[in-house]
Structure formats: C-alpha cells, structure tokens
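First chain A sits with chain B, and in the next complex the same chain sits with chain C.
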Partner chain A sequence: MKLYAHCLIEDLDAFDTSTRGISGAAVRLLQIDELAVLVTDFNADTVAVTRENALDHASVVRSVLDRTTPLPFRFGTLVTEQQLRSYISARKPALQTRFAHVRGCVEMSVKIIREVSEDKAEARDEITSGTSFLEEKRRELLGSEQKTIEASEIRTWLHDHVDGLIRDEQVTTRPSEKLVLAAAHLVERAKIPQYKERMAAARKNRPELHFLFSGPWPPYSFANIELEFKTQFGVS
Partner chain B sequence: MEFSPENPLTAEPEIETAHAEEFVEQLRCVTDTLPSRINIDAKSVEEGLAKLVLTLIEFIRRLLEKQAVRRMEGGDLSPEQIEELGLALMKLEGKLQELKTQFGLSDEDLNLDLGPIGRLI
Partner chain C sequence: MSSSFDQIIVSEEWESSELSLLETLDHVLNRGLVIAGEITISVADIDLIFIGLNVLVSSVETAHEVLRKR
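So, the complex of A and B:
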C-alpha cells in the first residue's frame, strides 16, 4: 500500500475529515515528528494525469489554507509511509527553513499578455538570394532582441510596483510570446489588500497590456520540495 | 494558527481579468509545449527519435544563423562569402522543412523551452 502525499503542514492538529482526495479517497493527517502530511491511501503504482485528479489534489491542499500555509507536494507523489518518515526526518532542517520562508504567506499570480507584431510571413516571399536570406534573419534577430528588452522592462516595472510588499517572487518572461510574463508573488496575508490595490493601480498605468490576477493560492511556486524528494528516493 | 479574526482570508482563490478568452488560448499554447511523458513503444519510438534529432538539428541551425548574422554585421565577410553562407543556411532550412514534412512534424513539435532565454521557436 502506498500513500499519495498532498502537502506538508505544521501547526495543525486536526482538519476537516470530510475532505476527499484523489478518486474520492478519505484524507488523513499523518503526524511525523513536529510536522504532518495530508495523505490518502493509494493502491496503484501511478496516478493518472487527469483534470479531476489535479483538481482533487489542489482541493486537498487548499482545504487547510485558511488555517496554515502548507508546502504542497508535486502532483503524483506516491510513497510508502516509511519513505515519508525517512524523508522528513532526514530533511527536517531544510523543511523548517522552507516553512519559515512561506509562513503566513500565500501565493498571488500575475500573468501579462502584450500584442506582438507578426511581420515575418510578408517578408519571406522576397527572399531570392543568400544575402537577402541573411538580411531577413538579421531583421528577425533585431526584432527578437527588441522584444527581449521590452519583456525585461515589463518585469522591472512590475517588480517596482510590488517592491516592499512581497517576500519572494518567481518570474518567467517569454519575450517572443504574447503571454510575455508570468509571476508568482509570495505575499504576507495581511498585505494582500495593499497588494491588490497596487496591482489595480499598475493595470491602470499600462492599458496596452492585458492582465490576469489570481489568488490566493498555496505557495506552489515556492515549495520546491519535489526535487529534494526525487533526489532522495527516485520518486516522481 | 496563523490567522486571527481581525486578519481573515478566504481560502477560495479569485481570478480577475478582462481578457479571459485570450488568456485561456495563451495558457493552452504554453501547456502544449510542456514536455509530455516518454512513451517507448514500437509505434511511437521512430517518431520520437526523429523529433528528438530534428529538434537538436533545429537548435544548431538557429545557432549557426545567429553566428552568421553576427559575422555579417561584424564586417569580416566579403559579399561573396555572405551570399555563399546565406545560400547554405537557406538550403539547410529547406532541407529541415522537408524532413519535418516527411515525419509529419510541425514547427511547434520541435520547440524547446530554454528557460530564462525563452523558447527555441
């Protein structure tokens, strides 16, 4: 019998026992040292990657978010109880450091779309020689570099708006894409109203950009415990 | 417990955007380029191998293009050399396109997420 591990938690002695995990299995709290893990019993060797299972996983992790900040395991983490106990015992200092980092916080997400010009197709018809081919490639590269500069500017601009309000951030920019930036901000819960105000002001400043704000989420982007787990047990 | 009555927080996440359809479309594009699990069966192995090899060739081809453009900009190539280099790279691009068609692969199939420096295509 394996266990499906949803998340690690601290400072939680009890939880809503009606919570259901993957495939409707009952969730239980497995206390290990000073920490606990929300687990369900699992009979198969792999977890199907389906929308329902992903939502079930997220639902269990979210169920404790109003009382504590969990460290979510990666979707599909299957382990034995012994492995889980060994992992937590061996990694306790690192896990406690990670808990200290996210404690009292939630993850807020910002995604930004900007319009990108698509002038490549028109120019390709005129290419008749090796020189014109390289000239066209040069134009493409210059356009690409310009997009990189613009993406970097958006990243800096967004950071300036949340500076002092966030504890940490994970930002990905994709200069050549319409979805140019995806940011995860680790925000102290008490600062969320202020954070939302700043985001609203930021949106007004840049009407040419399209925004998607979401949250509060468990700190998925800041947990980073799956790699440690993989390294130790070869489990994915 | 981290929460006090004066510091409540709803656990339900909110999603706020005026451009929902656009974001759904873009997020689908992103998930389509995420690496899928490797399925090693007799049917798919040939296609998978072709995809891997062609992706690497595409990666190298793009590096060569960039290097050629840099050399052209640097002024250390004669017009004849630029023409010759451009023709060689143009033929390489055409040949790769031919191979992609042969194996039923699209540009997006050969895309690679290169992390902070973006995607290959």
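So, the complex of A and C:
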C-alpha cells in the first residue's frame, strides 16, 4: 500500500476531516514530528493524469489555504509511509525554512502574451540570391535581439509594479514566443487587495499586451527544496 | 480570512472555466514539492495532454477568437 501525498502543513488544526482526495478517497493526516502530511491510501502504481485527478489534488491542497499556507507536493507523489517519514526527518530544517518563507503568503500568477509578427515566412519566400539570404539572416538575428530586449523590458516593467509588495518571485521569459512572460509572485495575504490594484493599473498601461491573472494559489512555485528529481512516465 | 480566497480569479479578458482548469493543471503538474524519484504519473489520457504553455496560449487565442466573433 502506498500513500498519495497532497501537501505538507505545520498547523494541524487547518485540516478538515471531511476532505476527499483523488478518486474520492478519504484524506487523513499523517503527523511526522511537528509537521503533518495530507495523504490518501493508494493501491495503484501510477497516478493517471486526468482532469478529475488533477482537480482533486488541487482541491485538497486548497482546502487548508484559508487557515494556513501549505507546501504542496507535485501531482503524482506516491510514497510508502517509511519513505515519507525518512524524507521529512532528513530534510526538516530545509522544510521549516521553506515554511518560514511562505508563511502568511499566497501565490499570484501572471502570464503575459504579445502578438508576434509573422513576416519571417513572407521574407523567406523572396530569397533569390546569396546576398538576400545573408540579409534575411541578419534580419532574423536583429529581430531575435529585439525580442530579447523587449522581453527583458517587460520583465523589468512588471517587477517595478510589484516591487515592495511581494516576498519572492519566479519569472520565466521566452522572448521568441507569444507567451513572453510567466511570473509567480509570493504575496502576503494582507497585501492581496493592493497587489490586485497594481496589476489592474499595470494592465491598463500596456494595451498592446494580453494578461492572464490567476490566484490566490497555494505556493506551488515556492515549495520545492530540491531541484533533483526523477520522473517516471508510465503509459498505460 | 478574506472571502477573496474562495475562488480562483482569471483575467477579465478571457474569463472561462477552461482557462481556470489550465491554470490549475499548470500549477499541480509543473510545480510543487518533489520527493526524489517518487513522481509516478500515467499519461494515457491523450485528450488531457494540453498542459504545456504553448497549448495554454492556443487556448487563450481560441477564447479570444470566440469573444471577437460575438
């Protein structure tokens, strides 16, 4: 019998015993030292990536968010109880440091999308000589540099709007793609209204960009304490 | 606790339950605490492999297109 781990919490009173996890299974609290993990008993060897399972996972993690800030496990975390106990005992200092970092906060997500010009393909059709080929290559390089500069400018611009309001951020830019920036902001709960106001103002200032805001989330982007992991994809 | 924590917020521009689902998938599948070697998932349900950021953009564009045609 394995355990499906949803999230780690430090406030044991935040758990609601009526919570249901993946496939409707009852969620229980597994206390390990002064921390606790929300787990369900799980009989299979893999967890199917289905809409229902993903939403069930998110629902369990979210069920404690009103009362505490959990450290969510990534979807598909299947372990034995012994593995879970060993993991938490061995990494307790790092986990406690992480709890201290996210305590009292939630994650807010911002995705920025921009239009990308399609003139490259048209220009390629006009190539008739070596010179025009080199000119086209030069245009491509300059265009790429320009996109990198623009992505960097958007990143700085967004950061300036949330500066002083966030405890931490994870930002990814993709200069050549339409989804040019994805950011996760760690925001203290009391500052959420102010954060929303600033984002609304920022959006009005850049009508050429499209924005997708979401939140508040449990701090998925700020939970991990290690970068090394192995993912097993079992196609069933 | 504020009632603002009761519901996921999605952009006013493309508000839809599908985007909310995509954002949920983006969070639970791509992020979170990882115990070394213990992520074991099955990807048999091809219809639901629309999790990547590029597909998210496609969904946003589709939603935008639908809104424009209204």
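The working rule: the second predicted complex is superposed on the first by the 220 of 236 C-alpha atoms of A that agree within 3 Å, B and C clash if a C-alpha of one lies under 4 Å from a C-alpha of the other, contacts with A are read in each partner's own complex, and residues count from 1 in each chain.
Assume contacts are C-beta pairs under 8 Å (C-beta built on N, C-alpha and C of every residue); 3 or more make two chains touch, one makes a residue touch a chain.
Since the model is a prediction, treat every value here as computed from it, not as a measurement.
When the two complexes are overlaid on their common chain A, residue A:Asp11 makes contact with chain B while staying clear of chain C. When the two complexes are overlaid on their common chain A, residue A:Asp163 makes contact with neither chain B nor chain C.
With both structures placed on the common chain, the touch criterion links A:Arg74 to chain C but leaves chain B unconnected.
By the document's definition of touching, of the two partners only chain B reaches A:Thr131; chain C does not. Of the two partner chains placed by the overlay, chain B and chain C both lie in contact with A:Lys178.
Once the two structures are superposed, chain B and chain C can be ranked by residues of chain A touched, with C on top.
After overlaying the two complexes on the shared chain, residue contacts for A:Glu34 are found with neither chain B nor chain C.
Contacts of A:Phe211 after superposition: both chain B and chain C are touched.
In the superposed pair of complexes, A:Glu153 makes contact with neither chain B nor chain C.
In the superposition on chain A, A:Glu197 makes contact with neither chain B nor chain C. Common to the chain B and chain C interfaces on chain A are residues 49, 65-67, 106, 111, 113, 174, 177-179, 189, 192, 210-217. Contact residues of chain B toward chain A in the complex are 1-3, 7, 9-11, 13-20, 22-23, 26-27, 29-30, 37, 65-66, 68-69, 72-73, 79, 82-90, 116, 118-119. Within the complex, the chain A residues that touch chain C are 5, 7-8, 45-51, 54-55, 57-58, 61, 65-67, 71-79, 83-84, 87, 106, 109, 111, 113, 174, 177-179, 182, 184, 189, 192-193, 210-217, 220-221, 223-226, 228-236. For chain C in complex with chain A, the residues that touch the partner chain are 1-2, 4-6, 8-11, 13-14, 19-21, 23-25, 27-45, 48-49, 51, 53-54, 56-57, 60-61, 64.
On the chain A side of its complex with chain B, the touching residues are 11, 49, 62-63, 65-69, 103-104, 106, 111, 113, 127, 129-134, 137-138, 141, 148, 172-179, 189-190, 192, 210-217.
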